[in-house]
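All chains are identified by letter, namely A, B, C, D and E, in their written order; residue positions are counted from 1 within each chain.
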Amino acid sequence: MSLIELSFEENGRVLRGIAAPTPSATPYGNDLLRIENFSVRLPGRHGPIHAVRGISLSVRVGECLGIVGESGCGKSTLCSAVLSLLPDNAQIEGQIHFNGLDVQRLSSEKLARLRGREIAMIFQDPMGSLNPVRRVGTQIADKLMVHKGLSRTTALAEAVRLLDLVRMPAARGRLNDYPHELSGGMCQRTMIAMALSCQPKLLIADEPTTALDVTIQAQILTLLSDLRRELGMAIILVSHDLGVIAQTSDRIAVMYSGEIVEEAATETVLDRPRHPYTRGLIDASPDINRVADTLVTIPGSVASLSEAPVGCAFEPRCQAAQHKCRKVAPHRTTTSSGAVIACHFPLGMSE
Amino acid sequence: MQFWLHRLPALAGALAIASALFGTGASAQDRPNLTIAVNSLGSKMDPADTPLATELRVYGSVFDNLIRRDYKAESLDPSKGSILVPALATAWRRIDGRTVELDLRQGVKFHNGDEFTSDDVAFTFSSERIFGESAMLPSAKAFFGCWKPAEVVSRYKVRILSCETNPTIELKLAHYSAAIVNKRAYTTKGQAAFKRAPIGTGPLKFVEWKDGDHITFSAFDDYFGGRPTFNTITFREVPETAARVAGLVSGEFDLITQITPDQFATIEATTDLHVLPSLLDQMQQLWMVATEPVVADKRVRQALALSINRDAIVQSIWNGKTNVENQFQLPALGALYDQNRPGFKFDPDRARKLLKEAGYSGAPVTLRVLANYYVNGETVMQAIQAMWQAVGINAKLEIVENWSQAFAPGRAAVMGGCGFEFAAPEALGSCFFGNQSLTRQRGFPNGVPGLDALANKLATLDEDSRRGTFQGILDILSDEVPAFPLYRTPQFFAAKRSILWLPTADYRTDFRPDNLAFARAAN
Amino acid sequence: MKEQAATDPIGRRTTFASTRRLPSLVIAGAISFLLVAVMSGALADILAPQGYNDQNLLIRLKPPSFLGGPHGYYFGTDELGRDVFSRVLFSLRFSLLIAVTGTLVGAGFGTLLGFLAAHFQGLWEDILSALVDFQASIPFMIFALAALAFFGNSIFLFVILLGLYGWEVYARLVRGLVLSAKELGYVEALRNLGFHPIRIYSRHVLPNIGGALLVQITLNFPGIILLESGLSFLGLGIQPPLTSLGLMIGSGREFMTTAWWTAVAPGTVIFLTALSVTLVGDWFRDRLDAMPSN
Amino acid sequence: MNPASLLTVTAVSRSFASARGLFGPKARMIKAVDDVTFSIGRKETLALVGESGSGKSTTGRIALGLMKPTSGTVHYENEDLFKLGGAAWRQSRRNMQMIFQDSAGALDPRMPVGAQIEEVLSVYGLAGGKSARHNRVVDALDRVGLGGASIEHRLPRELSGGQRQRIAIARALAMQAKLIVCDEPVSALDVSVQAQIVNLLMEMQQVFGLSYLFISHDLRVVRHISHRVAVMYLGRIVEIASTADIFKNPHHPYTQALLAAVPTTRRHHPSAGPLLGGELQDPASASSGCRFQGRCPFSRDICRWVEPALVEVGQGRQVACHLAVRADTEGGGRA
Amino acid sequence: MSARFLIVRTLRALLTLILVVTFVFLMLRLAGDPIKMLLPEDTPASVVEQYRARWGMDAPIYVQYIRYVASVLHGDFGMSFRDGRPALQAVTERIPATLTLGFAGLAVALLVGLPAGIAAAVMRNSIVDRSVISFAVVGHSVPTFFFGILLIMLFSMSLRWLPSSGSATWAHLVMPALTIGLWNAATLARFTRASMLDVLSQAYMKTVLANGLPSSWRILRYALPNAAIPIVTMLGLIVGQLLSGAVIVETVFAWPGIGRLTVTAVAGREVAVVQTIVFLSALAMVMANLLVDLIYGWLDPRIGSKTGGMSR
C-alpha cells in the first residue's frame, strides 16, 4: 500500500495531494482503494437506516472487483461513499483511502479533482444519468474542459475519440444528439465515454446493465472488460446478478444486510462458497445450463437495514444457523488463501 | 340650521380681497398649476348630454350660460332664494309669459377664437341639437319641456320661447343643460368628437384627455370674466376616497372632491388643509314603487317615511353636516318656501300603527341602492334598513350596479337623487308629475292621484298662486308618498388652505377669477 | 394543456413543493387558528356579542376597546356603529361557507372531467384539453367580472364562478392520477378481475387518489378565499347587508386613515386564514408524500 | 384451431399510433404485435421471451382479452373473447388471470390484502356467506405459503415483493382461474425470493392444473419453468419450440444470440453463440425483409427482401428464418 | 423543435380563440335580450326594434354568429354607449398603462422570485431557504388589495414618499408594481425552489457531481436549464395572474389600465367593452402561451421531437 504524497506540476501549477501513479509505476498488488471499517447511517422516515456496517475492502490497481448482493444490501451506498456522494445528513464512520488520500477529508476542490479525474462512476439508469437538455457531446466535452482545460473545439474532438473508444456507432454524428435520441445501450456507452475521459484509475459501475436488454448487457459487459484490459484501470462492478459478476470480475465480494459476508477470488466463490448465503444465492439463481425440478430457495426475505441484528444478520434465513448465530455477530476471518468470510460455521469446514 | 356654513362668509371675504390683489396682475409664470383629484372623470363633456355629477365637476367651468346664479350671494343670505345675474347675456326681459329676450355680451371669445354671437345661442337651443325629431341629444328635450328653438333677433340679441306660460325660463337658462356651445366646433367635428374635446367660452380651455387618468385644461386668457387666476388645471381620476385624501395630505393634489365627513378629522389634522362643504339643491330620497304589492297601500309608505330617524342619520353618518328638509322644498325657492311645514318627523309608534292599519303582514320590503353611486349611499341604506326592521318591517337591502337593475321587478323602495335642478317647483316635474315623470315610469303608472292636475296650475307668473299650488303639491306628496326626502345632498371638497375657492349648490365647479384665488403665490 | 402538468401524478407542476420539516409549532398554530376560525364561523350566533347588522349610529368608527374604544367592542365599530368583532365572525362564516361550496363545486366538476378523460381518453381528453386551454386563455378575474356583467350578481353565480376557479387543476390532477393508477397496474388488474369500471373507480381509485385530491383542495383553498374577498372587495361579490371579509375591507378602506381597524381586522383574518390553510396544506402534502409510495 | 388447447391466439396483430394530437399530421402506425399465432394447452406453460419492445407484453394482454387486437382472434375454450359482451367478458375473467411484474401495482394500495381477495369472491358470489368467504381467503393464503391471520389485514405496502406476488397468485387461485398470464412475474424480485415464487408457480400448476403464459426476458427462469418457448423479435414470433429443443438446439440466429448473451456463473459457456452487435431496431422504421436482418451475423441477400414466414421445421417446432429452414431441411440444423 | 410542433400549437391557439369568440357571442345571447343589454336602459321600445334590425339581431342565430365573427375579424366590437366611441378604441387606449404595469410587475416577480427560489433550493434548509419559504408562504397569503392599502398607508400617508394613485410619473408605478410583482414573486419563488429541488434530486445531477464539475456549472448549466422548463410554463400562468391581479391593483391605485376599465365597464354594463376586454385579454394570453410553448420547445429538446408526443 502506498501512502505516498506526491507533488507534481500541471498547467503550471503545483498541485499537492493527488498522486497519479501509472499502473506500471505501482507494483501490482498495491491497493488503489482501501475501505476500512466503514459504516454509513442514513436518516430514514422510521429511524436511521444502517446501510453499511463496518465494511473493510480494498481494490488493487487494474483489478475488477465484483460486489454482489440483493436489493437493499447497501452496495449502492458503499459506491456513493467512495466518491463522497452521500447526502450531507449521512453519518459516516471509518475511512476510505484512495491512493493514500483520505477521501472524506479532501477539500471540495480536491474532491472535485478526485471525482473528475481519478475515480469515475457509471450508474444503473443510463438514460436518467444524462442531462436531458444538454447534447451528448457537450456533456462529455464539459468534463474535458473543466478537468483538462481543453478548448471547446478540442474537447468535442476528444469526445468523438472517446465515443469511438466505447464503440459508439457513428460517433461523430452522435455529438449533437440529445440523450432521449439514444437507446439505453448508447446512453450507457456515452456514460462510459464520459467516465473514461480523464483516464480514471478506478471506475465504479453501479448496476450498469440492469436497465438494459440481455443482448445489450452482453455488449456493455464485454466493452467494460475490453476497456479494462486496454486502459489498465480498476473496476468495481456492482450487481445483483451473480452471472454478470461472475463473467467480469477477478474477485467477488458478497454483501448481505450492509456487510460483506464473503470475499474471495471469483472461482473460489463460485465453486466453493463458504458462506451459507453465498451458497444459497448460487443455488437459487436459475442457470441456463442447469435444469432442476425445483430451485433451491433461501427462505424468508431480505433483512431490513433499519433493525440492528444482535447476532448474525443472515441467521433468520440460514438453515445451518445454530444458537451462537443468534447471539454473537460473526467476525471477519481471513483464510490462508486470502478469502474473507464472516460466518461462525462456514461451509466445507468440519467443526 | 346652517351653522356649519359659518366659515363661508369669511372665506368669501378673503376671496374678494385676494382676487382684488392677484386677479389681474399675475403673469402666466406666477399662476399656479392646480391638480384636482376627482373620483371619476366621466366619459363626455357635452353639457346637455345627460351629464353626470362627476362630469359636471370636471367641466363645470368650460362653458358659460346666458344667465348664471350667484351662489355666493345666495349663501350669504339664504332668505333671498335664488339670485340670477348676467353672464353671457348682459340683460334679459320678458316679452310675455312664454318669451324671454336676451341681450348678448359682445366681444366674448370661444376657446377656438370664434366670437360668441346669437348664432351660437340659436345652435345651442336648436332643433338639430335638442328639440328636433332626430335631435342629437333627445334626453335634453325632456328638461326644456315644450321650449322651441331659440330665435335670433340680431347678432347680439336672441329670444327664448316656450309653448306655454313658463315662469322658469330664466332659471332654466342658468341650468347646466343650457350652457352655450360653440356652433362651428360642434357642427364641424360632430357631437361625438365635441364631447371629447369641448369648446366653450369659460375660463377652462380643454387641452388633453387621457381616459381613466386625467383631463387637463389650461387658462383661457381671453375669458370675458377676466384673466383666470390659475395656469392649468388637471383633473386626476382617483376613485378611492382614502387615496384622494392621502394625495391631498401628501401634497400631490391641491383640491379633492367627494369626501365624507369621516375624512374631516384627517384633513383638519393637517394645518395647511381645509374642508370646503356645500349643500346641493338636491335631496337624497327614497322612491316608492307602488306597483309592488307590499307598498301599494299608502299607509305602508307613510310608515316607511315615518320610521326613519333622519336626524340620527345626519348627526352620525354626516357628522351633522347636512340638513333635513321638510318635504321637497329648499330655501332657494325663495317665496315659495314654507319653513314651517311639518315634514316627516321620526315617529315609530305612528309608523307601527299605520302598518297595523294597512294590515302589513311581514312581507319583505326590498330596498335598493346603487353601489358606489351616492356618497354614503350604502351606509345610509343599511341604517334605514335597521330602522325599518326596528318597527317590524321586513326590510331587505339589495345593492345593485345600475338603474335598470335598481328598478327591475321586486323592488319596493329605491334610493334616488331627484331634485331641484333649478329653483322652482317645476323642477319636481321630471320626478313627480307630467307624462314623462320618473314616478310614472317607476311605480305609479297612472301618476300620483291629483298631482298632475294641480301641477298644471303652476304655469303662471303669479307668485302667490304658485306658492299655494306648490304647497298643495307638497300636501299630496306627503299623503301619497310616491317618494320622500331624507336630507339635502351635501358635497364636500377639501383643499390646501392656500386655495381660496367656494363650492356651490351646483354640481358644476366654478373656477372663474372671482371664485378662485391663492393666499400666496404658488411655488 | 401542458403535458408536464397533466401527467404529473401529484400535481407538482401546478402547485409547489414546499418546506419539509415545518416547525411543528407553526403547524400547531396554523391548525389551531383554522379550528378557531371554523368554530367561530360556525358558532358566530353564540359567540358574537352582537348581530352582524346591529347598528348603533351613536358609536360610529370607534376604536377597539383595548385602545380606549367603547367597552365590549373588541375590534371597534364600523361606519354604522356595528361591532367589527361580531362582523368578522359572521364574515368568516359566509366567506368560508362560500369558499367551501365553491371549492366543492370546482373539485367535483374537475374530478368528474378528469375521470372521464382518463377513462375514455381520446375525444374526452381533447374536450378536456380544449376546455382547459379556453379557461387558461381568459384571466380568471376578467372572466369572473365578465360573467357578472352579463348575468348580474347573485350568490348562485358567485359560487359557480368560485367553483370554476381551479377546476382545471383538479381535472388535470385527477386525470394524471387515474392514468398513473392505470399505469401502476391495479386498475388493469381489477378490470382483469372482471370488476365494473364504476366499481373500480368508486371503490378503488377514488380512495387511492383521495389524499392527493384533498391536498390539492387545501392548496387551492387559499386562492378561493382570496378570490372571494377580492371580488367582494370590488363590490362584485357578496352584497350588503350580507357580509364577507372582502366586503368588510372594501368598505373599511374608506376609513383607513380614521378607523384603520375596520379594514385591518378583516384583512388580518383573511391573511391568517389563507396562511394557515397554505401551511396546513403543505404539511398535509408532506405527510402524504412521506407515506411509502404506492 | 386446436380443440385440445385451452387458449388459441390466431394471427393477432396490434398497431399503435406513435404520437397523436388534435391536429397532428397522420400518426405513424407501429406494429407492436404482428401476426402472432400460438396456443396453450391445459396444464401447459408457454413462455414468451424477447427483449424490450418485442411486443411480448402486448401479446399477453391481448391473449387475456385486456386489449383488443387490430386483427386476429383469441379463443378461450373455443369461445371468441372479443365477441363476448361486457357482462360475459367480465364473467370470463374468472377463468383467466394475470400476474404482473409489479405486484405492488396490481393490488389496491389502500385495501388490506385479505379484503382484496374477499372482494373477488363476493363479486362473483364464489362463496356463500361472509364467513365462508373468509375461510376461502385464509385457505388461499395458506396455499401460497402466507398462512397465519396476520397477513390478511396488512396493506400491500406492508408486505415484501415476494409476499405481494403470493397474494396476487392467491387471488387468482381463489377465483379458480385456469389460465394465468404471468407478465415478468419474478424479474423485480431478489434472486432468493424469485426462486420461491417460481417454485410456487410450478407447484400450483401441479396441484390445480393451471396453464401459464409466462412472459419473461430472463431465459434462465424460462428454461426452468416452461414447457414450450416462443421467442419474439420486434412484434413477431421468430421461433417456437419445446423448451428442451430451444435451449439445446436453437435454430433462429436471434435465439442463439439471446442464449449466448445470458450471463452465467459457469465461466465456460457451452453453447456460446455469437454475441450480437447493434441495437434493437426502432419498430416504427421497420423495412422490408427479415426484421432481424440488420443485426444478423448470417444475413444473406434474400433476408433483405423477403420476410421469412414462421414454418414448421420439426416436431412442434417453428422457425421464421430463411437460413434455419434451409439448414433444417438440409438435415440436422446448426449448432 | 419540429415544424409540426409549431403548427399544432398555433392551431390549438386558434381553436382557443374561436372558443373565446363563441363564448363571448353566446354569453350575450344567454344572458337575456342582447339588444337591451347593449342599449342604454331608457331607450324607447321603437328605437330598440330599430337597432335590433340594424344590428341584425332578428336574423337566425347562426347568421348572427357568422356576422359576429366577421365583425370581430374586422376589429369591430361594437360601440361603447357610455362615451359613444368604438369599444375597441376605449380598450386599446388603456393597453399601454396595463402593459407598463404588467411588465414592471413581471420584472419584480422575476428579479425577486427567481434568484430567491434558486438560492433557497441550492442552500436547502439554510436560513436563506427558510426566509424564502416564509416570504413565499406569507406573500402568497396576503390579499393584494389589502397589501396595496397597507402600502398606501405606509408610503403615502405616513412617510409621504410615494404618490398614492394615478399614473403621472414613474414614482406612481412603484407601489402598484410592487403589489402585483411581490405576490407573483412569492408564487414564482416557491415554484422555482420546488423545480430546482426536483432537478437537483435527479439522477443526472449525481452524474455531474460524480464528474467533479464546479458547482457554478452544476447550478447554471446543468440544473437551471432543466428547472427552467416547468418555470417557463409557469410564466404563462403568471401572465394570467398579472392580468387578473391588474383588476384589483389598478382599482386600488387608480391605475388607468384595462383592469380598472373592466371594473367600470362591468358596473356600467358596458357589454361591448367587456366583450372587447375578454377577447383582447384572451388574445394576449393565447399569444403569451404560444410564446411560452415556443420557449418551452426550445428549452426542452424532448418536446416535439420524434419520440416526444403530444401526451405521454
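Keep this in mind: a contact is a pair of C-beta atoms (placed from the backbone, for glycine too) under 8 Å apart; a residue touches a chain by one contact, two chains touch by 3 or more.
Predicted, not measured: the structure shown is a model, and the values here were computed from it.
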Labels of chains that are neighbours to chain B and to chain C: E
Contact pairs, highest-scoring chain pair: C-E
Where chain C and chain D are represented by their mean Cα positions, the distance between them in whole Å: 49
Separation of chain A from chain C, taking each centre as the mean of its C-alpha atoms, in whole Å: 51
Euclidean distance of C-alpha centroids - chain A vs chain D, Å: 34
Residue list for chain B, restricted to those that touch at least two other chains: 240, 242, 246, 371-372, 401
Numbers and ranges of chain D residues touching at least 2 other chains: 22
Residue ranges of chain A in contact with chain D within the complex: 70-71, 169, 183, 185-186, 213-219, 221-222, 240-244, 246-247, 266-267, 270, 280-282, 284-289, 291-292, 294-299, 301-302, 317
Interfacial residue positions of chain E with respect to chain B in the complex: 41, 80, 82-85, 90, 93-94, 97, 149, 152-153, 156-157, 160, 163-168, 251-254, 256-257, 260-261, 264, 266-269
In the complex with chain E, residue positions of chain B that touch it: 40, 43-44, 191-192, 195-196, 210-214, 236-240, 242-244, 246-247, 249-252, 371-372, 401-404
Partner chain C, residues of chain B touching it in the complex: 240-242, 245-246, 260, 262-263, 265-266, 312-313, 315-317, 371-372, 378-379, 382-383, 385-386, 397-401, 405
Chain E partner contacts - residues on chain C that touch it in the complex: 1-7, 12-13, 16-21, 125, 130, 133-134, 136-143, 145-151, 222, 226, 229-230, 233-236, 246, 249-250, 253, 256-257, 260, 263, 267, 270-272, 274-275, 278-279, 282
